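In the two complexes below, subunit A is the common chain; its partner is subunit B in one and subunit C in the other.
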Partner chain A sequence: MTAVAATLRTAVANGLANRNSFWFQVSLMVANDITWIIFWVLFFHQVGNLRGWDAHDVIVLFSILLTTAGVALGLCANSRKIGQLSADGALDETLTLPVPPLAHLLSTRVDAANTGDLLLGPVVFLLAGNPSPERAAMFLFGVVAGSVVLIGFLVACGSLTLFVGGRGEQADLGFNAILIFASYPLDLFGGATKMLLFTAVPAAFVTGVPARLVRNFDTPEALLMVAVAALFALIGWGTFHLGLRHYSSGSIWIR
Partner chain B sequence: MIAIEARELRKTFPVRRGEPVEAVAGISFAVEAGERLAYIGPNGAGKSTSIKMLTGILHPTSGDAAVLGIVPWKKRRELAARIGTLFGQRSQLWYQLTPRQTFGLLGRIYRIPADEERRRLARLGELLDATQLFDQPVRGLSLGQRMRCELVASMLHAPEVLFLDEPTIGLDLVAKARFRDLIVRINEEQGTTILLTSHDVSDIEQVARRVIVINHGRLIYDDRVSVMRRALLGTKMLDVRFEQPPASVEVEGARLVKLSGAGAKLVVDTDRRPIRSVLDDLLDRYDVVDISVADPPLEEIVSHIYARPV
Partner chain C sequence: MNPYLAGWRLGFLRTIRSPGDMSVRIGFFAIILVVMTALWTAAVDANGGSLHGYTRTSLLWYVFAAQTAVLGVRPRSVEEIGDEIGSGTVAVQMLRPVSVVGLRMSIDMGEACARLIASFTVGALITWLFVGAPPSLAALGLAAPAVVLGCAANIASCHAFGGIAFWLLDAKASWFFFQKLVFLPGGMLIPLELLPRPLELISFALPFATMAYVPGRIASGHPDPLLLLWQLGWLAVLLGMAGAVFAAGERRLQVMGG
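This part shows the complex of A and B:
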């Protein structure tokens, strides 16, 4: 077993140490997600169709969002905490181990609440996403690629703390922006906003493009998705490792 | 063989509004393999920053260093496999799990074969008297018990150099004494090079053979502990509480520093008269309720170093 897999397994065991608390948080998140799904169903029941998106499409999008968020924020919970960990000097333990630091950090914390997203997302797709083998394969592909984009983006935002200081606020800004935009159908946005979602805040590649691929597979778009995932993985990895040169290990006088 | 070498090592931290802070201001020293070195100084002297550069956690602003022949910040992972670290104010144990579960993970990280891991755990558990703690959740351990398990975690991969950053901080007197003894045993039985930072003078006397004192990021003293003891540790502080407030306290070899009601503070010149003899005298002549003996604070030793003739 690789060190990363062993670390993730230990993080899961650590998260499950208080089983009642873990499953209570999972249940609350599942209830919260189901409320959202009910909202969308009622909304499209009234509206019928919105710029080519119906309730069915939005539920597929939502199932991708839940699963992607479950991977990025549940299994790799530190992806949104890099800034705070850097500011607190909490990278020390990782940096004293003979491991790739980013992979180790991403596998050292499992968040119970977002694990609820990870459990519910595939269930929603299986129940309401017309899961043919082709669509299921695209769902899986979209979730993997979307998770890489989301993790890469969050790590890059968090790593900015290593350059500019602060308490990790950059990661919180990025986190809020990308998840808000990723929750809505891509075609609701236009102009500069849409451009933003395909570039600086890549919400389109977290849910919109994967949902479109599940609906209508398109080879160039799938290749674009792979390229963007690779690009954001590189951006996240590069920003973090360049930032490590500026890591101050929580020295109180830096900011 | 040189285990640790620093040459003009310097670390400056930027400050958003104001002058950059020079935490380590060009330190040079070398440590032989198998040495026990105390690297001491007051709070903010630059001890932890030095250790973090030598372990590859921090990149220096300038200067050079090699640990086991490896430049720490250039080949951090390669070095990490050969050194151990223990930070007194941080934990490498998973709080909700048992120490044995953390050791299992470290075994995978350091790629220790399962049989070898079991053998090492048995040996370290016996050496540090910690085997009975391995299967208790970390959250239920006392600080002293936890630090013994932290030491096991740091030693599991048989490091050649062990960096200990304030390992005795927060421990009570009994736990401190036991921990110091364990560090000495590890050094003597396994030949591990020890670099220990502390601002507790007792750590120096009981663990190290050599001491380096730094202050304001600069090396101000480097000598054998026996030499330092003779030159700078010739006093002990006595804190005494009497049954009734005495009019005065007069004991040969002791100087009264403060008298406040039934409490008194005295400084004993141990070169002039042994501490035991002073204590005997005090107990014979006064109705003593409580008494404690302490080393002079590190700040006082630092001021003695600065006051020495050049």
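This part shows the complex of A and C:
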């Protein structure tokens, strides 16, 4: 077993150590997500069809978001904490280990609450996403590619702290921006905002494009999705490793 | 200086001296306004330019004021109160010769006022740029005190909900529950008139509407002073509830060690 896989397994075991607390947090997150689903159902009940999107389409989009967020923020919980860890000087303990630092950081902590998203997302898709083998395959493909985009983006935002300082505010803003934009149908946005969602804040590739692929598979769009996932993985990896050159130790060995 | 006034001042100064946190909040607020503008514009366009009497302009001024009022309060306030109670930190606060809940609420209100000044100004500018002038300037003027009262009601409720930790030693569950009550029956995500009729009636009977719906409704072009009275009434009730929960909780609190 590789060091990263072993770290992730330990992180999962650590998260599950207090089972009551784990399931309590999972159930809270599930309740939170269900509120959003109720909102969308009420919203579409009132407004009907919205630029080609109905309640079903948005629930599929939401199930992709839940699963993607579950992977990025639940299984790789440190993806949104890179900025804070850098500011606290807490990368020391990782940098001393003979493992790839970014992979180790991403696999070292599991967030119980966001694991609730990971569990609920596929259930929502199965219940309300008209699953067929093709649609389920596209759902899985979209979740994997979207998770890579989301993690790459969050790591890049967090790594900005290594260049410009602060307490990880850049990551917080990036995190809020991409999750909010990813929660809404892509076709609501136009002009400069839509351009932003395909470039600087790639929310379109976290939910919008995967949801479109589930609805109507399109080979060029699927290939674009793969290319964008690879690009954001590279951006995240590159920004973090370049940023490490600016990292100052906080002399924190045990946390 | 009066300790509660000093608490308010402390909260206010502490917030304006944290520009990083403040800029993230304002950035977050700006993103929400961009998203909501897109959402409600599409919704109104799909329904012939009006939804239950709300036009695009009035809806977006509603969103501005409702979001301003809610974002003024520290997001995890209920959970933090619960943590302080659960960990026993509250016992140290009880040594002071002032009301624990009173001082906490005045500090929170100081913080909220600093955030409200920034987000009301920036949010009003952004909304004006996106959708044009508010339906009425009188409404925008009256929305300012409504936002402050909505925030105050929210803070009082946070303490009433957070005080549950005196019994459960944790308030995470009540935080989630409370947050959702502000989102839907509170009118933060959607004006109450757009809810199904039974849910609308229930929402009007609950206090959460005073925290988001009332500021939003006023800013959307309904400068009705009775709405402020509605807020004041619920604020008095909620302050009383927060005080009663803390008083009962403090009587039963037992802390080991120090």
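Keep in mind that, in the parts below, the second predicted complex is superposed on the first by the 250 of 255 C-alpha atoms of A that agree within 3 Å, B and C clash if a C-alpha of one lies under 4 Å from a C-alpha of the other, contacts with A are read in each partner's own complex, and residues count from 1 in each chain.
The definition used in the following text is that a residue touches a chain if its C-beta (ideal position, glycine included) is under 8 Å from a C-beta of that chain, and two chains touch if they have at least 3 such contacts.
These numbers were taken from a predicted model, which means no experiment stands behind them.
**Q** With both structures lined up on subunit A, is it a clash or a fit for subunit B and subunit C?
**A** Here subunit B and subunit C can both sit on subunit A without a clash.
**Q** Would you sort A:E169 into first (subunit B), second (subunit C), both or neither based on which partner it touches?
**A** A:E169 sits against subunit C, while subunit B stays out of touch.
**Q** For A:T7, using the defined touch cut-off, is the partner it touches subunit B, subunit C, both, or neither? Pick first, second, both or neither.
**A** After superposing on A, A:T7 lies in contact with subunit B but is clear of subunit C.
**Q** For the overlay on chain A, what angle lies at subunit A between subunit B and subunit C, C-alpha centres, nearest 10°?
**A** 90
**Q** Taking the superposition as given, does A:P98 touch the first partner, subunit B, the second, subunit C, both, or neither?
**A** A:P98 sits against subunit B, while subunit C stays out of touch.
**Q** Between subunit B (first) and subunit C (second), which does A:D88 come into contact with in this model arrangement: first, second, both, or neither?
**A** Neither subunit B nor subunit C is touched by A:D88.
**Q** Measuring by CA atoms in the overlay, how small does the subunit B-subunit C distance get, in Å?
**A** After superposing on chain A, subunit B and subunit C come no closer than 15 Å at C-alpha.
**Q** Spell out the part of subunit C that touches subunit A in their complex, as residue ranges.
**A** Interface residues on subunit C, with respect to subunit A: 20-21, 23-24, 27-28, 31-32, 34-35, 38-39, 42-43, 46-47, 51, 172-173, 176-177, 179-180, 183-184, 189-190, 194-196, 199.
**Q** Please output the residues of subunit A touching subunit C within their complex, sorted ascending.
**A** 24-25, 28, 31-32, 35, 38-39, 42-43, 45-51, 166-167, 169, 172-173, 176-177, 180-181, 183-184, 188-190, 193
**Q** Okay, in this complex, where on subunit A does subunit B touch?
**A** 1-3, 6-7, 10, 13-14, 17-18, 91-93, 95-100, 165, 244-245, 247-249, 251, 253-255
**Q** Show which residues of subunit B lie in contact with subunit A when the two form their complex.
**A** Those residues of subunit B that touch subunit A are 13-16, 21, 23, 48-49, 52, 55-59, 76-78, 80-81, 85, 87, 90, 92, 94-97, 101-102, 104-105, 108-110, 137.
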